[in-house]
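Next, two complexes with subunit A in common: one pairs it with subunit B, the other with subunit C.
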Partner chain A sequence: MTETVFYIIAVSLCVFAVLSVTVKDVFHSAVWLALALLSVAGIFLSLDAAFLGVIQVLVYVGGIMTLFIFAIKLTARIGDRSIRQVSQQSVCGGIVSAGIFGVFLIIIYANQWNDMMLPPGQGIGLNGLGKALLTTYALPFEFISVLLLAALVGAIVIGKVKQ
Partner chain B sequence: MNFPVQELLKLAAKGGFVLGFVAVSAMFLIWLERKVSAWIQNRKGPMMTGPQGAFQSVADTVKLLLKENIVPSGADFFIWWLAPFFVAIPAVMAFVCMPFGPHHIVYDLNVGILYICSITSVSVLGIFMAGWGSNNKYSLLGGMRSAAQIISYEVPLLLSVLVVVMEAGTVSMQGIVHAQEPGWFILKPNVMVAFLIYLISATAEVNRVPFDIPEAESELVAGYHTEYSGMKFAMFFVAEYTNFFIISATTATLFFGGWLGPWAPSPVWFLLKAYGIVFFLMWVRWTLPRLRMDQMMTFAWKVLTPLALVNVLVTGWFLVRKG
Partner chain C sequence: MIPLGHYVLLSAFLFCVGLFGVLTQRNAIRFLISIEIMLNGANINLVAFNRYFGASDATGQVFALFVIGVAAAASVVGLVLVIAVYRLRKSVFIDDFNLLKW
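Let's turn to the complex of A and B:
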């Protein structure tokens, strides 16, 4: 049954992803992207990675997509229906995507995934994750927060109305 | 292939129960809201259909089912059509982790409270889509206000939930209930502060008075759902009251011991606590006036968020000292 569920979600994910780059209206594109991100969360959930799935929804759908939509709304005339987004570089884009796809295929087939898999229930869990972030990986963690803070301050400075 | 018929049937039964509960609860809440508002304003409220107007919501539902579905001209049909689903489905999905009793839960995810917070945050998107797709400036304004408000109050909300999680040492809903067996969390002073922050932010999250500026009737007609009629409108309405029940039930679980209680069966205690909080929030709604948009945002960012952060720090300090 898990496999059936996986294939249903995977197919809808591909459909949503393709639609999000092919539809003409920016807002529609954002909505398809949101559905694609929700499907990714569904795949995480079906793989028993509940925490990842939940964070995927909270961060990407609840946070990033809302930000996208605000950006579309607040950018002058980009959401205007007379302006269509047209991809003029579909050939280059196609080549790049095919290249990335090839790299993924090589990575997938070059590794023995079965040897790397932990038996279920032996992951580090939420407790372990929290501890690891604040002890072993404290430096990268703090580095990311400083980076985010800098981005935040920068955004405020750029967005500030000149007196 | 061995098809798990029994498991599927079990799932279907659980899903049916949740859908039935959502529908009945929303109808009951709508009736209760009309009655409570009437009592507070010294009126009688609905009286004609059934004893004390108890069947008013049933009559309203039949009316909404039969109503014509009007599509506004110039609307972005795809977005307009999809928006109610984005609002209604997450509201139903949040019930997956709602602990009605020690064994009465659809599925006890080990990230329960995080799941509820994240799934309900999807509805922001639906509300904004409704405002955008309607091609109506009042709807768009309402949608914008609502989205801004919900994402602002999400910060203190999650921070206040964090205090409870720190005290309980788990994020599973059942785990949080079990952690309250020695005593409800509301009895601890730091959690009491978290409770106040949670209740205020949650009220703002579901757009209720005094935070109902996104649907302020006197300036925005009805906000993001102005252009919806018939069943589409009903979906928004049911989702709104379901979200209202969800925040009350979550408050009961996080701070008032959930289904814990003597003598009566546990689902009775859970529902009693949840509807008690529902009643309190209705009382607030019909007592207080509406805030201004800028006051509301200032309050979220300059008062609630710093307070919630300090509260998290203090809780951490207490826990470390206790060992």
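Let's turn to the complex of A and C:
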């Protein structure tokens, strides 16, 4: 059961990601990205990381996607289908990324962990994650909050219209 | 049961699709969309290895959380930069962003 759901989500995630990179209209690209991010949340659920799935939906689909759609709507003319979205180097880009994917395939299939099965148990859970976040990783956690504050202030300063 | 290799394969595919987007898109917003796809591929990798190897360890999930936070900050600043350059040049195409080119 879990396997079937995983493979359905994984295949649809690949399709959504490819569509969001290749489709012509920028707004459609953002919508495909939203679906891909939702599928990533599903993958997290299949890995017993329910909290990360919730955060994925909240931050990515709720926050970042809204921001992307605002940016697309604020910069007019770019939704125009007649404008070419892909640069002339698309063949070269395809060859390079396919080559790197080939290297990844070789690395994956050369390792012993390739066909390792899921160990028994329920995974780490929210309890362990919260404890790790506030004991071992307390300092990086605080740095992230400072970084978010800096990004907030920087976004306001850069985006402000100068009189 | 799902072998670990399938999760890693999925994340490698997502990374390469994002890389293709980063290499080929002309539109700065679609460039940022491709970067988000790459980061999500990396996140799947982190969480999968944490689930398969870390029995009582949350390191991978904590890292994925940090990646999500940094990605949010990065895309906010990136989109605001795109909008600021759009005000200046009336374009979001990377070909037109040649202010620093001499």
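Throughout what follows, the second predicted complex is superposed on the first by the 127 of 163 C-alpha atoms of A that agree within 3 Å, B and C clash if a C-alpha of one lies under 4 Å from a C-alpha of the other, contacts with A are read in each partner's own complex, and residues count from 1 in each chain.
The criterion applied here is as follows: a residue touches a chain if its C-beta (ideal position, glycine included) is under 8 Å from a C-beta of that chain, and two chains touch if they have at least 3 such contacts.
Remember, predicted model here, so these are calculated numbers, not experimental data.
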item: Touched partner set for A:L139, first subunit B, second subunit C, both or neither; value: neither
item: Touched partner set for A:G94, first subunit B, second subunit C, both or neither; value: second
item: First (subunit B), second (subunit C), both or neither touched by A:I55; value: both
item: Contacts of A:T66 with subunit B and subunit C, given as first, second, both or neither; value: first
item: Touched partner set for A:V31, first subunit B, second subunit C, both or neither; value: first
item: Dominant contact partner of subunit A by residue count, subunit C or subunit B; value: C
item: First, second, both or neither for A:A110, with subunit B first and subunit C second; value: neither
item: Contact residues of subunit A, present in both the subunit B and the subunit C interface; value: 51, 55, 63, 70
item: Subunit C contact footprint on subunit A (complex, rising order); value: 2-3, 6, 10, 13-14, 17-18, 20-21, 26, 29-30, 33, 36-37, 40, 43-44, 46-49, 51-52, 55-56, 59-60, 63-64, 67-68, 70-72, 74-75, 78, 83-87, 89-90, 92-94, 96-98, 100-101, 104-105, 108-109, 113-119, 121, 123-124, 128-129, 131-133, 136-137, 140, 144, 147-148, 150-152, 154-155, 158-159, 161
item: Contact footprint of subunit A on subunit C as seen in their complex; value: 1-10, 12-21, 23-27, 29-30, 32-34, 36-37, 40, 43-44, 47-48, 50-52, 54-59, 61-62, 64-66, 68-77, 79-84, 86-87, 92-95
item: Touching residues (chain side subunit A, partner subunit B) in the complex; value: 1, 25, 27-28, 31, 34, 38, 50-51, 54-55, 57-58, 61-63, 65-66, 69-70, 73, 79, 81, 126
item: Residue numbers on subunit B that touch subunit A, as the complex places them; value: 3-4, 7, 76, 78-79, 82, 109-111, 114-115, 117-119, 121-122, 124-125, 128-129, 132, 144, 147, 151, 154, 171
